[in-house]
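Quick notes on the structure that follows.
Order of writing sets the labels: A, B, C and D. Residues in every chain begin at 1.
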Amino acid sequence: MFRYLTAGESHGEGLYAILEGVPAGLKIDLDYINYELSRRQLGYGRGERMKIEKDEAIILTGVRGGITTGAPITISVKNRDYENWERFMRTTGDIESGREVTVPRPGHADLVGGIKYGHKDLRNVLERASARETAVRVAAGAVAKLFLAEFGIRIYSHVLRVGSVEVEYPGGLPEEELKKADERPLRCLDPQVESRMIKWVDRARENGDTLGGIFEVVVFGLPPGLGRYVHWDRKLDGCLAGALMAIPSAKGVEIGDGIALANIPGRMAVDEIYYENGRFYRKTNRAGGLEGGVTNGMPLVVKVSLKPIPTQVKPLKSVDIITKEPKPAQVERSDITAVPAAGVVGEAITALVLMESFLEKFGGDHMREIKVNFENYIQTIIAY
Amino acid sequence: MFRYLTAGESHGEGLYAILEGVPAGLKIDLDYINYELSRRQLGYGRGERMKIEKDEAIILTGVRGGITTGAPITISVKNRDYENWERFMRTTGDIESGREVTVPRPGHADLVGGIKYGHKDLRNVLERASARETAVRVAAGAVAKLFLAEFGIRIYSHVLRVGSVEVEYPGGLPEEELKKADERPLRCLDPQVESRMIKWVDRARENGDTLGGIFEVVVFGLPPGLGRYVHWDRKLDGCLAGALMAIPSAKGVEIGDGIALANIPGRMAVDEIYYENGRFYRKTNRAGGLEGGVTNGMPLVVKVSLKPIPTQVKPLKSVDIITKEPKPAQVERSDITAVPAAGVVGEAITALVLMESFLEKFGGDHMREIKVNFENYIQTIIAY
Amino acid sequence: MFRYLTAGESHGEGLYAILEGVPAGLKIDLDYINYELSRRQLGYGRGERMKIEKDEAIILTGVRGGITTGAPITISVKNRDYENWERFMRTTGDIESGREVTVPRPGHADLVGGIKYGHKDLRNVLERASARETAVRVAAGAVAKLFLAEFGIRIYSHVLRVGSVEVEYPGGLPEEELKKADERPLRCLDPQVESRMIKWVDRARENGDTLGGIFEVVVFGLPPGLGRYVHWDRKLDGCLAGALMAIPSAKGVEIGDGIALANIPGRMAVDEIYYENGRFYRKTNRAGGLEGGVTNGMPLVVKVSLKPIPTQVKPLKSVDIITKEPKPAQVERSDITAVPAAGVVGEAITALVLMESFLEKFGGDHMREIKVNFENYIQTIIAY
Amino acid sequence: MFRYLTAGESHGEGLYAILEGVPAGLKIDLDYINYELSRRQLGYGRGERMKIEKDEAIILTGVRGGITTGAPITISVKNRDYENWERFMRTTGDIESGREVTVPRPGHADLVGGIKYGHKDLRNVLERASARETAVRVAAGAVAKLFLAEFGIRIYSHVLRVGSVEVEYPGGLPEEELKKADERPLRCLDPQVESRMIKWVDRARENGDTLGGIFEVVVFGLPPGLGRYVHWDRKLDGCLAGALMAIPSAKGVEIGDGIALANIPGRMAVDEIYYENGRFYRKTNRAGGLEGGVTNGMPLVVKVSLKPIPTQVKPLKSVDIITKEPKPAQVERSDITAVPAAGVVGEAITALVLMESFLEKFGGDHMREIKVNFENYIQTIIAY
């Protein structure tokens, strides 16, 4: 059983995650985790904060000399500007006034959070509801990616749409192509489309506006048989959708060709089955690598749609929760678009879901044992 | 804690569900449950099986004289043609040959299920992976709908698209309108669009083809504050997406305006906040009733996209798993489209997710206690 | 992930369990399950009911031709006298009066159950709180025992104490000895002590009284390494104690020498470690096969203490919940002692806990795969 | 849903816990948490380490200005001697040799941990399996105690036995008496018995030996109705036993009069029911406050038996895992007895279990809401 909890506020001392159930014997490359954190901070259209704060992961428990021990792993990502916020945010002792938020921002948890948890200072809501939390999940996801990599599983993401500009759908991109996403300013693989996206970002910046979009996560090297069709809550498509929809600003999740499949006749919506050289294969991957909620050996493909970041440079209409008078929502520094970075978050979350599913299927407490179990299963597939 | 497990095969003796955590004192109207089961069987474009088999729920435990006791509820929906299948499907004693499946159907769990669970008769896979399982979840969902109705929460669904025919998006439909969906052959609220959908269904039937589509679930009467933004796996958007994507054939889930939000500038993608007569309100509902993964008091709106049913009247290319020779996949009687019925399934699943979230928020062991807790909370909202 | 839910009332139509996560390819011997059910009904000092009602399990789903498919398994055990109770207990439709209980029995859930769930007819409580529920868990446990037997794991129980009569502690009993428990009227392995126990039972019957006692469960053939010390809730001693203490009437659980270990100096309370012929071993088993909450390869030994069944032939003082007047609690037919049968229940529950832990360690979806994973692990132990 | 994970090694940088589901609006008194940590370090017969290291809790997230926000709470307890261990224990970068353990200590997880997780340096096992982990659970439990105190629930513990010296069972101790346990060197309330216990501790110290014992936890102020009899895994006796048996060195758990109930006839083993002044009550509390796994309004009483700490001053027989040669297990500085401190751990764990159960029953997201729900329930009990 692999599970994890995260904690931390946007302007608190730091973010924390405890990962329980990581097997022993996994090499943890801290540079790789920090590299993943830096990927989350990239992207044309990011705000100032991202440039100031280079995130770094600290591993506090569960790893010894760079190798996991099987014990729970604690990861922390500090907030670099905490010293400026300490007097407003400290956990114990009196806090100073001056940073209260009483005008809820539309599109955020502010108002419902205040009502639900009985807060009159909405900072108590927004500090936790902030997308800042995804930093520590990217660090946790980097551990999951290191784990999956030991079994030849590789995870990529790229941007399909920013605002109204969308690439023609590039299904079946080769791995070599996907590797290049990080070289591109918006992590979009089509340079011509990307240049139009950049113009949209620039225009949005001028207008004090923000942009949503769509990213895609593609996973290579998955064995067939992850996930379970026998009970709805063990189907991998559901598990992935549940985790991905919880990404801040996510409003849509698709598996494989997704919504486009609603549009075409049944006989064109499936991936027919062939056999050659001792293995079953498909020539197409409309299903995105999942049939019946179980991996079928084709690349896993998921798409996530994001609404524009609701924090606006130009304020939105709202109401002061104390006075009940109309008042524009507070303007906070903001990214123009978070879609390129959200793709990196999507990779991390996909990795965490896959790691859980992988460990459920293969069991084992240390890497050598899991590798033997995995290899045996691969042999049974060949012999099937 | 509300939880449930389902069991049962498509041609086995019946389907079963155990629901644990239903509070005491809830009136269970069996006619209503059976009415919901009948709604799942409606819809233009359904196959013959649906017409033969009128599903009926049997409540076996947890209810006494029509009132829940707090004990786990067992619900069964029998398979009416079991007597014809008993000799092939019985759980104990020898089974007869003659119904083996060795050619996996593309788009189903058949092949990956056979590999994963080591089955050479793929009937062992398809019997459980079948969408037939949703019948008992509709029955379970009917219990959840009865529970939610006690708090004024009402759940509807309607069809937005069948094949390539889509209604112009009818956001913000009034409840009166949504009630009419069941009167329509395809559960689509726009008669003119629906007549075109029907033509598509007829044409698909002639071509031996199937059609996917999109349905929408709308929930009225939810209090603000269900779901939690404080931890990703308690966000209601994620919980809903996870459960809805596990519906057979689902390939996309959207919350509120969903993917369309990726397309518009940030300032148009939010629901500004107003206050009048002692309450906060919105004039729009682009977010679909969820901000930060928490209900905000507006109607909850989710959309699910379905691929066409992959069981084709004309067979698809596949391979016999024994001989490894190419062989067309078995043709099974099939619905042309399941989108109208899937909307009913979507209602049930939404109800089950909301009931869990509702009980987590309000606690309580019997209906009177929960109602008092609920009413208190409503008072605190008014006083906020 | 192996999990299960149970449902059913003492005088309802039947008991139900759904087991989710049983691997495919396990042979299910219905006779064995029924044999286990009959063992639960044995024992000197049982009441009339046990003699009338010979329990039989029905498998409704998840098994085909005697082999599990990997799908959820539904098991039912019918209540043979339901026809006499149907009009008082039916789930839907009006029920007749005449069987209401308004005087709570001390020592049962009656009063707290009535308060908690708002019941004025305490039958709604006692029907579910009844130890009758353990019948379906014995059936479920029989499936777990069949699973574990495939890996050479064997589970026994015997009675250590009835009332004040206790055997001198027979730690380290050989398997051959333990097999004989079922041949003894009270499942006690020391005939001389047992004859005294029988006298106590006879005297209690004459006095209209009941007796508690202690049983022990012993498990042979467990590999070292089940359970996890890395997080408290994965320690097997805790998991076992949690499940065993939930047996009706259980008031104490001990692992290995248990409470007696509190009594002796540290150097006598451990099992020193030796090595010979390629394996580590112990000469003693004071720890009962668990160190740090993990199996160490020695037999697992747990003891459960039961209070006397609180249902008395002579009534106890209580109060009518309607009139609030003192009134003796209802006298129900009762066993004099349930300790021998409870041992069988303890075996079943131990089996269910071990099966969950086993599947977590070895993963796998069908028996062949799990066996290979298991065998590999055994090899790594030898090579350690 | 209240849940938590802990992490950390005995000689690593520190211990960590994340608590998810703590309601908003709870005042967190850091001094109180540190007071609880100091109570865990008290007790005659503790080793040197306890005297050197005064534990202090740091709250890193989830609390602002001393009030919970509803967000996950991270608590850390640093290891004060980490600087001396840093080069052997650091998570990343090379570690120095010199602190390897290759001779497993009997009675600890060392050997099975090494086999299970594939470690050849058993330090990787013992660092996590150490009872040091309970420090952060005492801190977490202090949060739970603060929560419960808001509803008038108070938790105490005292020592019943050390080695062979046991107090005559003091059932039904008044709260005033229990408060005095911390004033006593061994936390035993009978001074004369305690003086004999002290002699045993002194003698064990001279002999290089250790002592186990029994402690009792008593909880006042619980409402009737916590826990659920409707499903075995929601029964509070099972939940408590599961959590308490996972305390390091615990080998027995009893509820109420526990094992002694196996010894007496049924009519003396129950708590008869009376009614006066508008409420039901009992004159005895043999059941320890739980009937059917549900609190009945009487004080909750649980007893935990501990084996002697298996770390001996004089070494035990063992085997080097590398050479396979017999070799005495490493001698580590040790407490003579941990029973007084374990009682404090037992309080914390009891508090955590009760808090989960309390939140499940009463729901709510902030303290005011929960208090209203609680108060309503109390009213319904009075009106029952």
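Brief remarks on what is shown
Throughout what follows, contacts are C-beta pairs under 8 Å (C-beta built on N, C-alpha and C of every residue); 3 or more make two chains touch, one makes a residue touch a chain.
Since the structure is predicted, the reported quantities are computational estimates derived from the model, not experimental observations.
Counted as hops between touching chains, the shortest connection from chain B to chain D is 1.
With A-C and A-B as the two chain pairs, more C-beta contacts join A-B. If you average the CA atoms of chain A and of chain B, the two centres end up 26 Å from each other. One inter-chain figure worth recording: chain B and chain C are separated by 37 Å, centre to centre, where each centre is the mean of the chain's CA atoms. Per-chain Cα centroids separate chain A from chain C by 44 Å. Residue positions of chain D touching 2 or more other chains: 5-6, 20, 70-72, 116, 118, 125, 128, 225, 228, 230-231, 365, 368-369, 380.
Those residues of chain D whose C-beta lies close enough to touch chain B in the complex are 1, 20, 70-72, 225, 228, 230-231, 234, 359-365, 368-369, 372-373, 376-377, 380. Chain D meets chain A in the complex at residues 3-9, 12-18, 20, 23-25, 28, 30, 59-66, 69-74, 89-95, 116-119, 124-125, 127-128, 365-369. Interface residues of chain D facing chain C in the complex, by the touch rule stated above, are 5-6, 104, 106-116, 118, 125, 128-129, 133, 137, 161, 163-164, 204, 207, 209-214, 224-225, 228-233, 235, 237-246, 250-259, 261-267, 269-275, 280, 282, 286-288, 291-297, 305-310, 312, 314, 316-319, 321, 324, 326, 329, 380-381, 384.
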